[in-house]
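Listed below are the structures to be examined.
In the two complexes below, subunit A is the common chain; its partner is subunit B in one and subunit C in the other.
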Partner chain A sequence: MADKVIAKTDLRKWLAGMAADHDVIAPIGREAGPATWKDINGTQDIDITANQMVMAAKEFLLPVHDVLFRFHTRKGEERLEVPDLTNKSTVMIGLRLCDVRAISVLDAVYYNQGPFRDAYYAARRDKLALVAAVCDDPRWSCFCTTVGDLKEWKLGADVLITDLGDKIYVQPVTEKGEGLLQGDFFSSPSEDDVRKKSEVWANLLALPKRPFAGKDISKIVSWDDPVWEEQARKCIGCGICTFMCPTCSCFDIQDETTGSVIERYRCRDTCQFSDFTMMGAGHNPRPEKKMRVRQRVLHKFKYQVEQFDLIGCTGCGRCVESCPVNIDIRGIVSHIAAEPL
Partner chain B sequence: MSIDTEQMKIEMQTQNPYLPQLAVVEKIIKETWDTKTFRTVFLDEGLRETFTYEPGQFQEVSVFGAGESTFCLASTPTRQGYVEFSVKRVGVVTDALHDLSEGSIVGVRAPFGNWFPYEEWKGKDLWFIGGGIGMAPMRSILNFCLDNRSDYGEIATIYGARTPGDLCYKDEFDEWRKTSALYLTVDAGDENWLGNVGFVPAYLMDLAPKPENVIAITCGPPIMIKFVLQNLKELGFQDEQIYTTLEMKMKCGVGKCGRCNIGTKFVCIDGPVFSFAEIKDLPPEF
Partner chain C sequence: MANEIEARIRAEAKKLLESSEVTLVIGWEAGSVPFKTSPAFIESPEDVERLVWNPACTNNLAVYLTEVAKRARVGIVVKPCDSRSIVTLVQEKQISRENVTIIGVTCPGIVDDTALKKAGVRLIDVLAVDWNGDSFNVTTGSGKSSVLTLDAVKEGCRTCAHRAPVISDVSLGEMPDANPLPVEPMEGSFSERREYWANEFERCIRCYACRQICPACYCTKCFADRNDLKWTNKHVGISDNWMWHMGRAMHLAGRCIGCGECERACPMDLPMMKLNREFARHVEELFGYTPGMDPEELPVLGQFNYDDKDPNGH
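Moving on to the complex of A and B:
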């Protein structure tokens, strides 16, 4: 598979070409205010190498309101109506390597955790191609290089794009990705293009790393560490960290009745709420905030490591930026890493 | 019976696990002032014939509009054609279930979770130690073992409730007594109560089963389980000889919604049945 370059002035042609037989969703510039993934229909101006998206890719794979089915209740005509899951192929363009990695974590849960596969997730994921932008402008909150190996993470994408200024360096990673690189506006990269692309990578990999124990953190992290209580003291339990997190995907299931039709949908839920584990008869296995703070960190840095050999945090920094009381997961894991093995 | 596990895996991976099957409530038994047992039958005739499950597994039951809740299957797969589950009235969905009448339509997703390793128990004596609504999952495995009576040695059940009026499955007591021992106890008796008065763990010490070649299965309120466990250890039982079913809040039942984990274990897919040897290694958060 050969690398290519495309002039930024030709970007719209490429997007329009893909939009002919795909839904193309891409970030609309963050400067314009809270942005989410948009189906661009190949028409709108977008900046595919813009900064990290406000919301992670789970917005598409696990919509905040995901209809599981509708039940028609009219007497004698009771039946289930299942949403059509045969969606069009979709290209998601502009996501960062942290978000690519997050999809690998979601894949582990939604395809393979337990004997069942999540039919809704799988229908979307099976027809999804990921065109990932290599970061040339990490945010202050980012710590991807601390928690993982970007060279491994990039293999989760189908195409990698790197902003070279007036053009974009395009690398197919999978056959699916190579299939997206059709058109006479692609040309072979010059030596200068290759050098510039390598520079972006070198800058990214040279990001300062924080103290971190790698996957060994799962072995050294302590259930009784005072850090849980310390962090819980300032936590207001709002759950925004999990709402913004690209790998947090816990959900609730609810029914909504309109006339004779009942819609069952799933929606976001969070381990940060005490309701999350509260049982009907009143018993709650995680009644204290420190237990819920611990659950969030251990799920990512211990449980998922032991289950999937994957760290469930991608260092995207969204929880760091969005926390209203400045709880910083980087500080928590660095603190843990400082413990003797 | 041999199960083609590879084929089973393919089926599980291709079906949509969130879609309930419609079932009709065929029978409602009022067990106590706050608990009813429901017998449901699938509307689909084919499913009615092919559906089976294992003792200890659970199901998600929908009252459309009110929502879905988790209930252990309280019937035994040795009696096919229907399933039964017992519901204590505690919240929105259980309220809605209690308000149903015979003939109502509900949604059922089942079966989920693991089950009691009854094959390994063959030839052993079994002691069932249950309290309150915890008797529901025990009823499944108890009736299963009674229906396969020759596979097991002595079978005894200690069943406790707050008052005589809080005991479920009273209609079956005589049946159970035919081929097994039944020891009932209540926290507080009434003028007609002739049985034992006292807590389940204490009654267990009075009866003092010897641990040789015995499996103990216990289910009930967490506080009861705690003391039953202590007392079983005192009687000489090893962790591997003791089983329970754990309860955590669940929604999806299939290991996705993230609600029922205890450390790395998800009660919906790794449980709900655990031996105490397994529970010992779990973080204390259930």
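Moving on to the complex of A and C:
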């Protein structure tokens, strides 16, 4: 598979070409708040390599309101309506390597589960192609290189793109990805292009690592570390960290009746709410905030490591940026690595 | 100015802890990055050195009082807006005034990361943010120091007319110059406003951070969490989002003191202060009441006068 370059002025032609056969979704900025994954149709202002705050890819793969089925109860017209899961194929363009990694983590939970593969997730995932941008301008909260090997993560993408200024360096990773690179606006990269692309990679890999890089936190972390209580005192229990997290995917299932139609849907839920573990009979196995603060960190750095051999944290920094009381997971895990109990 | 006040905050906190007048002092400590601070819970006199005072001390620490001030006497460092939250909590009998020792600091306005971003500052370069008379100094990694005017304050501070704490046991700092912007009525016709808010509420992901960060949102069971009487579904969509935001704003009418923490906490950047200010403006017009000023006063919706104005003109 050969690398290519495309002039930025031709970017729209490439996107339009893909849009003929696929739904093409990209981070689209709004007047306020993070950019959101929307169809590029009719949108002029697309900057696929801008390092802006973007909702995690789960916005597409696990929508905040995911209809499982509807039940029509009008007398004589009773029927079950299951949503059409035969999606058109979709191209997500403008992901980051951390987002690609996050999809690998979601795959472990929803997809690579043998007979228990989630049909709704799989319908979207099966026909999904990932076009990921290599970061040339990491945010203040980024720590991807601390929690993983980007050269391994990139293999989860179908195409990699690197911003070279007036053009974009395009590398197919999979055959599916190569299939997306059709058009006479692609040309072979010059030596200079290759050198510039390697510089972006070198800069990214030189991102300073946190003290817990390479340490197996799952083996040294303690339930009794005072850090949980310290952080819990600050924590206001809002759950933004989990709502913004690209790998947090816990859900609630709700029934809602409108007239004669009952809709069953999945929506977000979070281990940071005390209701999350509340049992019907009134018992709550995770009643204290410190247990909930601990759960979020350990799910990523211990339980998912033991279960899937994957660190559940991708170092994207969304929780770090969004926490209103400045609870910084980098500090917590650094503390655990430096002073294990 | 800030360093001197910081030293005095530490000294006062130390005094309170050493005399055992309180077992805990809540203040701010350095954050994980130079443009943020984090709430600090100081229990030992040796730890008072952790306390800081700078333009990033944004958290309204009164949010923690309903939990801790029920059990023990605590010290708390407050800005003027935070002090008004304490007044509201005392008025509504959520805490007893005797259980809090208040170290009050005057405040020229706070700079949060949203305000910095709006002013065009690259956050990754920031080394320090300090007050400098009637403006802010932002020192960046490239050695440059840019000066931001007080226009660059956090959203809640823009219309703030209260620059000194309304109650305190120790008061620190000089009265700053401040030119709060006037609170204008919400613009547009009914249908225009409806369209505007539908567009804003559509972004909401219903994480309830606006509720959790708010000192006045202390209900042990929020209406939005009840499923024995379902006021709102968990459905993230315009109808239920609308229900949540109207319920929140209505419950804060005559109680919100305008610190702006809800808007700061919101990961979707919903302009909640616009709603809060509109409700506050109505309450002020109808009842001549400003919330959070006098702990002896009854809350506006907890009192009734025969000559109260009726908005419907009856």
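Methods note: the second predicted complex is superposed on the first by the 319 of 341 C-alpha atoms of A that agree within 3 Å, B and C clash if a C-alpha of one lies under 4 Å from a C-alpha of the other, contacts with A are read in each partner's own complex, and residues count from 1 in each chain.
Note that contacts are C-beta pairs under 8 Å (C-beta built on N, C-alpha and C of every residue); 3 or more make two chains touch, one makes a residue touch a chain.
Bear in mind the structure is a predicted one, so any value in this text is a computation, not a measurement.
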Figure out whether A:335 sits in contact with subunit B (first) or subunit C (second), or with both, or with neither. neither
Touch check for A:236: first (subunit B), second (subunit C), both, or neither? second
Touch test for A:249: subunit B only (first), subunit C only (second), both, or neither? first
Which partner chains sit in contact with A:118 here, subunit B, subunit C, both or neither? Use first/second/both/neither. first
Tell me the contact category for A:306 with respect to subunit B and subunit C: first, second, both or neither. first
Residue contacts on subunit A - larger count, subunit B or subunit C: B
Is A:210 touching anything from subunit B or subunit C once the two structures are fitted on A? First, second, both or neither. neither
First, second, both or neither for A:65, with subunit B first and subunit C second: second
For A:271 in the superposed arrangement: first (subunit B), second (subunit C), both or neither? first
Return the residues of subunit A at which the contacts from subunit B and from subunit C coincide. 252, 254
In their complex, what parts of subunit B are in touch with subunit A? 8-9, 12-20, 22, 62, 64-69, 88, 90-91, 94, 105, 107, 222, 247-249, 251-252, 254-259, 261-264, 266, 268-269, 283, 285-286
Of all residues in subunit C, which touch subunit A in the complex? 31-33, 36-39, 41, 59, 63-64, 113, 123-124, 200, 203, 205-209, 211-213, 225, 233-237, 261, 264-265, 267-271
Using the touch definition up top, name the residues of subunit A that touch subunit C in the complex. 30, 32-34, 36, 64-65, 138-140, 230, 233-234, 236-240, 243-244, 252, 254, 256, 265, 267-268, 270, 275, 320-322, 324-328, 330-331
The answer for subunit A against subunit B in the complex is residues 68-69, 71, 73, 78, 80, 82, 109-110, 113-120, 223, 249-255, 257, 262, 264, 266, 269, 271, 276-283, 285-286, 291, 298-299, 302-303, 306-307
